[in-house]
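Per-chain numbering from 1; labels A, B and C assigned in written order.
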Amino acid sequence: MPLALVVVAEIAARSSEMTSDTLAAPTDIVLAGIRALGNGTILAATGQTLATALGGLGLGLGIGLVFGILLGIFPIADKLMEFSVEAFRPIPSVALLPIAMLVFGFGYRMEISIVAFGTMWPILILTRAAVAGIEPRLLEVSRVLGLGLLARVFKIVLPAALPRIFVAFRLAAGVALIVAVTVEIAANPLGLGYAIMSAQQSLDPALMFALLVWIGLIGWVLNWGLVWAQGRLFGRAAVVEAAQ
Amino acid sequence: MTAVDIRPRAPVSAPSTTPLIAFDRVDLTLGGRKILEGIDLTIGQGEFVCVVGPSGCGKTTMLRLIAGLFQPSAGRVTYQGKPIAKPRQDIAIVFQDYGKALLPWRTVSGNVALALEAIGIPKAQHGDRIGGLLAKVGLAKHADKYPNQLSGGMQQRLQIARCLAQEPAVLLMDEPFGALDAMTRQGLQDEVLDIVGQSGATVFFVTHDLEEAIYLGDRVIGLLPNPGRVAESFPVGLVRPRDQLATREEPEFLRLRRVLFDFIKAAEA
Amino acid sequence: MTVARLAWFAGSLVVGALIILGWQWIADAKLVSPVFLPGPDRAWAALVRGFASGTLEEKLFGTVERMVYGWLLASLVGIALGAVIGISAVARAYLAPMLEFLRPLPASAIIPVAIALLGLSEGMVLAVIAFGALWPMLLATIHGFAAVEPRLYEVSRALGLSRWSVIWKIALPSALPDILSGMRLGLTIALILAVVGEMLASRDGLGLWILLAARSFRAPDLFAGVIVLGLLGFVSAMILTVVEHRLLRWRATR
């Protein structure tokens, strides 16, 4: 079915015999993609995008985990922070773009900060739920054993909540890539988003579509890899549960 | 063992002998596996037939054939002499898993209304008919609740009410009380007997509870598994109306209980 | 329950106020350059000024209009298409692999394509919003329709419901929880893409307004705009929650 679409597009593009600024034949797209892969531009841009996405994800993961665990362990803190969390969470991450631009200018730091903000929330919210949902008996055990806060977090809470935290991580990784590409398209002269924007502006539709497919491929591989890792680490059950 | 059977029998509440549903040398193969083989069975108008048998004997499959949800691979299943090609509105089914068979997003009256909508009864008449049906199954006070606010027994009552809304000539009941506790089950058994007594509907009742089969039925059909076959037909010689205490203490009841128990044990072996 | 909950909520409001006080203190002490971080007082003043002069209102309206139209378009297409695909097992088998491949594609990546096709126009922004918001709704609707309890289909056959009745009375309500959660996700995406679209295509709205404010170093205006965007996200999510509670009343009651 998708194959048939590609063939139809190819025939349509060939038979119309015109050079378009907006569309390109599938073969041209593939050629442009191979060319850009060959001269390293795609790989360099991919490296930039992935670096910022991962950097932001790491930062967001750290902040989200710390707050998520704290709010999950201490229901009082959770209730007291309710308003503040609900007030900050709905701010769309791209709305911070101008602020980050003002503070950091263009470049990695600005993009990383936005990715961190975008990924922090799903991790915080899901970690909080995961920690709050830990079997109460386990926490009683840790109290009976007289474990300190840190020991409790590292020996009981984290291992028990890990499968669900990984789900949060997988979700956040998808968000990280999306936010990174979006920031690059909107403003930041870096990475794949910028590359695809400049391909459009220099009226090179073949390269533009090649980059689009490439971005899709990266997103798919990332998602697939994380699902696979999740299955390996936590078994089929975790994947099924996460899908719901 | 069979010595009990000397005394004169109580008169059988004679079902009319007009045949309504007939299995005529029916085979059914599903996914390469033979589920039913050579089923021959005639069910009379107004008869209450209970079907028992070990698991995998095709009890539910027979019910689905009458419902028109399955078609036989060989032979015919007829209703009033004509083959059953698809589900008919005058044949209603009560499923065992009431939780899945009710619409959770509709209230109690909304669920009954679904059947009325299906028949095409004008909205103006819904109120009265739903009220009457809910009163009949004892849910009148719960008309505006949602199914998940009801107990299991009440949910099953609701499903029965929805089936009655179809004004069925035939009620197919697939282990309808299997998931309920004993007290609720007995209450519902009597309600079903009442309702059927009033409407004169023909009932095909699948159960794994032998006492339930004897208590309710005019006749109990015993099936054998792999592939499902009709092994024996046991007429139930118990007077109606039946009574949870008295009927269950009658020698005929105890005799049938023994016979059916031996049958199932042999069938499972 | 309600009194205790109210007390806790009041407590969380106090904490929120403390955070704002902390923000004020940081700004007053000039721990961060006021070029970047205006105090809440200046942000509030900018907010009031913006609404008093009507400009902020106008920008807000532009963004809301864009977001809602794109989202409605996506809902319509996503639910209709999702219903068709979800009901037919054949269509599912054909299309599901392709949809699964397209799903992780960042919606913003099609912005350049949309610009190439439609130029820097209002239509382009709408198309991008609709495209981005379409996916969660489409996938959720497909899942919802595919996951209808099979027993209910048997019930409707036994009752003799028409095909149309089955879709309208059985499948759609049964898929509604999934559809609504898809619409919720779609709304978040619609807001993000509305902001990005405005920035790129210079369409009048909050996104462009905060970008221009940043470029001309009007930090109070910038923060006012971000606050309004946050409120917009909050309010739209609230409205959906209310709608969800009403439509899914049967779920909560127990």
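We take it that a residue touches a chain if its C-beta (ideal position, glycine included) is under 8 Å from a C-beta of that chain, and two chains touch if they have at least 3 such contacts.
Keep in mind it's a predicted model, so treat the numbers as computed, not measured.
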Closest chain to the protein CA centroid? C
For this structure, I'd like the pair of chains sharing the most C-beta contacts. A-C
Chain whose Cα centroid lies at the greatest distance from that of chain B: A
Between chain A and chain B, what distance separates the C-alpha centroids? Give it in angstrom. 56
Chain A and chain C, separation of their C-alpha mean positions in angstrom: 18
Roughly how far is chain B from chain C, going centre to centre by Cα mean, in whole Å? 50
Using the touch definition from the top, list the residues of chain C that touch chain B in their complex. 149, 151-152, 154-161, 165, 169-170, 173-174, 176, 248-251, 253-254
Once bound in the complex, which stretches of chain A touch chain C? 1-2, 21-22, 79-84, 86-88, 90-99, 101-103, 174, 177-178, 181-182, 185-187, 192-193, 196-197, 199-200, 205, 208-209, 212, 215-216, 219-220, 222-223
State the interface residues of chain B toward chain C in the complex, per the touch definition above. 67-69, 86-89, 91-93, 95, 97, 100-101, 103-107, 114-115, 117-119, 145-149, 166
Taking the touch rule as given, give the residues of chain C at its contact with chain A in the complex, in rising order. 8-9, 11-16, 19, 35-36, 94-95, 97-98, 101-113, 115-117, 188, 191-192, 195-196, 199-200, 206-207, 210-211, 213-215, 217, 219, 222-223, 225-226, 229-234, 237
